[in-house]
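Both of the next two complexes hold subunit A, though its partner changes from subunit B to subunit C.
So, the complex of A and B:
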């Protein structure tokens, strides 16, 4: 699996210079950049227009359930106006942030310890791997039975879902640190502490950030599904309430809102990741 | 020789020990009364429940339903994801046009759309399958796409120099070269499809393993509930291992060629 990663690592700037498609006509980077912005906006506009028109034609069948952009927009406005949205957002964000902080706070040290010490790794890796690949949201009813309905259950589900990518990537970061760097540090008389602080930890930072980024998507899904399953508060609960009365306008706009939040956070972390990657690429 | 054997056996030994310690600790905290066995079950109780449910056939009944949903859902997701990924990887313009939809679809908690699917498909398997497809399709598509886009440009140039047409280039260079990434996508996809099936069954299922977890939870039959979760976990581990093996096989071919 590690060999796969190194094999696939793209060289810098290759992607934009040579497409793999049919021979590209000579086009300037400028034109391509403009298309990068214009095309998605165009398709989004077309998508919204088709959606709106379809919903207004009154075709019946399943089309009557797809709601509409204008309906969703006014649903969003209604929720903002009647003060329903903000408290739910706050509850969900708090549950997410707390769960996420716990995942990072426990996941990074644990992963680093597992990468650093072979005995620790060999004891902990099998059960953690088993948890990593199982569908952990299946634990949702179990957690609710144990902890009851409430924010505690939601936070635990976030941790259970988000902590594993952090652990696994932190561990991989240390283990994939360049052996040459370690040898050099050793040759110059670095002790274990210096080796960790000055070589291994910095070398594993990019992998840790990747793990944190993966954890965000999982954490968000965890919050929403947990609140959807049983809860009395939060965005997930709001979706469940509107789901019971099949007000699809509200459901669609809430799902999109969460998606946009996840997309934005993901994008920001990808930027950070890329920064570290260029630095790592020279190693 | 002995050093080699020691290193290859060590992880297996330690892994077995750590699972054994976990099970023992679980049994002990219940037997010693530290935690109420009613809430957390115990390995022996779960084993008893397993024997019960296997002999009465209840477990297999639910497993069959979930397996069916998973197979159809993962099949559709694979088809959509691979075809979509290849198209988006091959044509830059199409990729640019649909990229936001892909990332939004990947980032959104699409499970929450289940009331909409419920209206369209009704209660039970079709809605569960739809949820599984939506969760699984994006990792497959994204991986296939980067597999196609990141084919070694030297290979492409070489094929072009020897006069390969687009079709030949695609069939003989791009497709084989992107296989490892596609397989990695499928491995991620099957995990997400399983999540989709289980969570889908929580909300809209009328049978299946995920439905059973929620059902037993509702009745506070915790031992049966934990058994279902253990079975689901085992299936997740098994399927991922299976796809990892397939992945390694496909990758081993690549290594042979390149050396």
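So, the complex of A and C:
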């Protein structure tokens, strides 16, 4: 009798690394993988080539301020050799990781509480929203006065920047949960606790992940901007130093490193996201 | 003794603009015997779904009383289970997980609930789909999950709120037949809300016809067609007569609206 109803089977591609022998789809998956890498690499190669050629041609009188791929590469090598790069990377990554962890660790529970409980929301939303629209980076001098120059200040700047998308998205996740599902749960006798654990929280996971993703971008930006001003170490500080001496090769390579780091973190998050993809799409 | 007793029930909502309350249904008196299959038909917006929600305990009557097995309904309870119009399945749970949802909330033993869930999945014809997610299923299959989920908590009363309303006509007919097969195995008292006249007559022991808003009961028609019912029933003179009766009652109810539309 089920045959009377249209059946939709799950896509084959998700079935990986299980069972015996390679699945029949492995070869085409291989090709697809290669394709996924080939195009971005090609774009990158063309970009680097054009960049190198333009800088060699020397665009007018600006030539000394124009970076080139080869120049940037040697700048990177210099910074590795003279031991300047590694401590800065470490300081920046630590500041990001700690600030990001605090943002997520406080932002998610806070946002969920605000979405779930009206009193909490009405109490916290006005001050948080006001703070959200403020130019928070302008508070940098105040932070320095309180915490001095260094990692603590950098972390604070990361948190005040990264925590908002986490809070707002977690709250929206709860508030936008399907009212129908809430009704279903209540009909089957769910109390407040079960309603939260079994319906509202799982329903808000996609929104929470979106918030975390935004927090990554803002957190990285926060680290760099903070170190431009309130640090004597870190990638941001290096950028500031080389910026003051117009050494564009160094600036460009440092900025590229930051971009690469952000890309890698995002890729890692996508892995986490994939676990929830099984039921995404139509609900 | 009747299993469901609805006595002089009125359900009203406070009006948003602060005027008079909006009355969804009023003067509802209805008794349903144990094991009886009762369908409620009425024009859209007549409050039939609201009435069903009140029996489930999700909505409270502003007047009168609803009781199930002699106990006054004050909230949702294990003696009743609902099958919802747009299925209301949890998209992140598999078929098995969805069917277990109600039992889980009732704090039933995990092993026992899984066995029961598997049994019901087979009964509703979804064997082999235990680990599929709702988005991988067709509408008809999703509602089978909804039915299994409701039966899983072993309710005395099954409340069905236009359960096949979101399905295409053909699937709808198939599902109606399927529901009767399932009902033969799990003999529950059923209160089934629909706007489909065919469905109402085909399934029911009794058809309750409601007026347009505010909803009142305007007819209580006994359906004496033999069971088990097959598709041939739809061709019998008695079926056609009943169908006409319900249809003309509903037509008079909605006649005003029709005039407005054609004017």
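Assorted remarks:
Rule of thumb we're sticking to: the second predicted complex is superposed on the first by the 221 of 283 C-alpha atoms of A that agree within 3 Å, B and C clash if a C-alpha of one lies under 4 Å from a C-alpha of the other, contacts with A are read in each partner's own complex, and residues count from 1 in each chain.
The working rule: a contact is a pair of C-beta atoms (placed from the backbone, for glycine too) under 8 Å apart; a residue touches a chain by one contact, two chains touch by 3 or more.
These numbers were taken from a predicted model, which means no experiment stands behind them.
Within the superposed three-chain model, A:125 lies in touch with subunit B and out of touch with subunit C [touch as defined at top]. When both complexes are overlaid on chain A, the residue A:135 reaches subunit B alone and has no touch with subunit C. Applying the stated contact rule after C-alpha superposition, one finds that A:221 touches subunit B and leaves subunit C untouched. Subunit A has more of its residues touched by B than by the other of subunit B and subunit C.
In the superposed model, A:83 lies in contact with neither subunit B nor subunit C. With both structures placed on the common chain, the touch criterion links A:185 to subunit C but leaves subunit B unconnected. Shared-chain residue A:199: touches subunit C; no touch with subunit B.
Judged by the document's definition of touching, subunit A residues 1, 4, 7-8, 10 lie at the interface with subunit B and also at the interface with subunit C. For subunit B in complex with subunit A, the residues that touch the partner chain are 10-11, 14-15, 17-19, 22, 39-40, 89-93, 96-101, 103-116, 118-120, 146-151, 153, 156, 166, 174, 180-181, 184, 191, 194-195, 198-199, 202-203, 210, 213-214, 216-218, 220, 222, 225-226, 228-229, 232-234, 236-237, 240-241, 244, 247-248, 251, 254-255.
By the touch criterion given at the top, residues 1, 3-4, 7-8, 10, 14-15, 18-22, 24, 35-36, 39-40, 42-44, 47, 62, 65-67, 119, 122-127, 130-131, 133-135, 137-142, 144-146, 217, 220-221, 224-225, 228-229, 236, 239, 242-244, 246, 248, 251-252, 254-256, 258-260, 262-263, 266 of subunit A touch subunit B in their complex.
Across the complex, subunit A is touched by residues 56-58, 76-78, 81-82, 84, 86, 88, 90-93, 101-102, 104-106, 125-126, 132-138, 140-141, 153, 171, 174, 178 of subunit C. Residues 1-2, 4-10, 180-181, 183-190, 194, 198-199, 202-203, 205, 276, 278-283 of subunit A touch subunit C in their complex.
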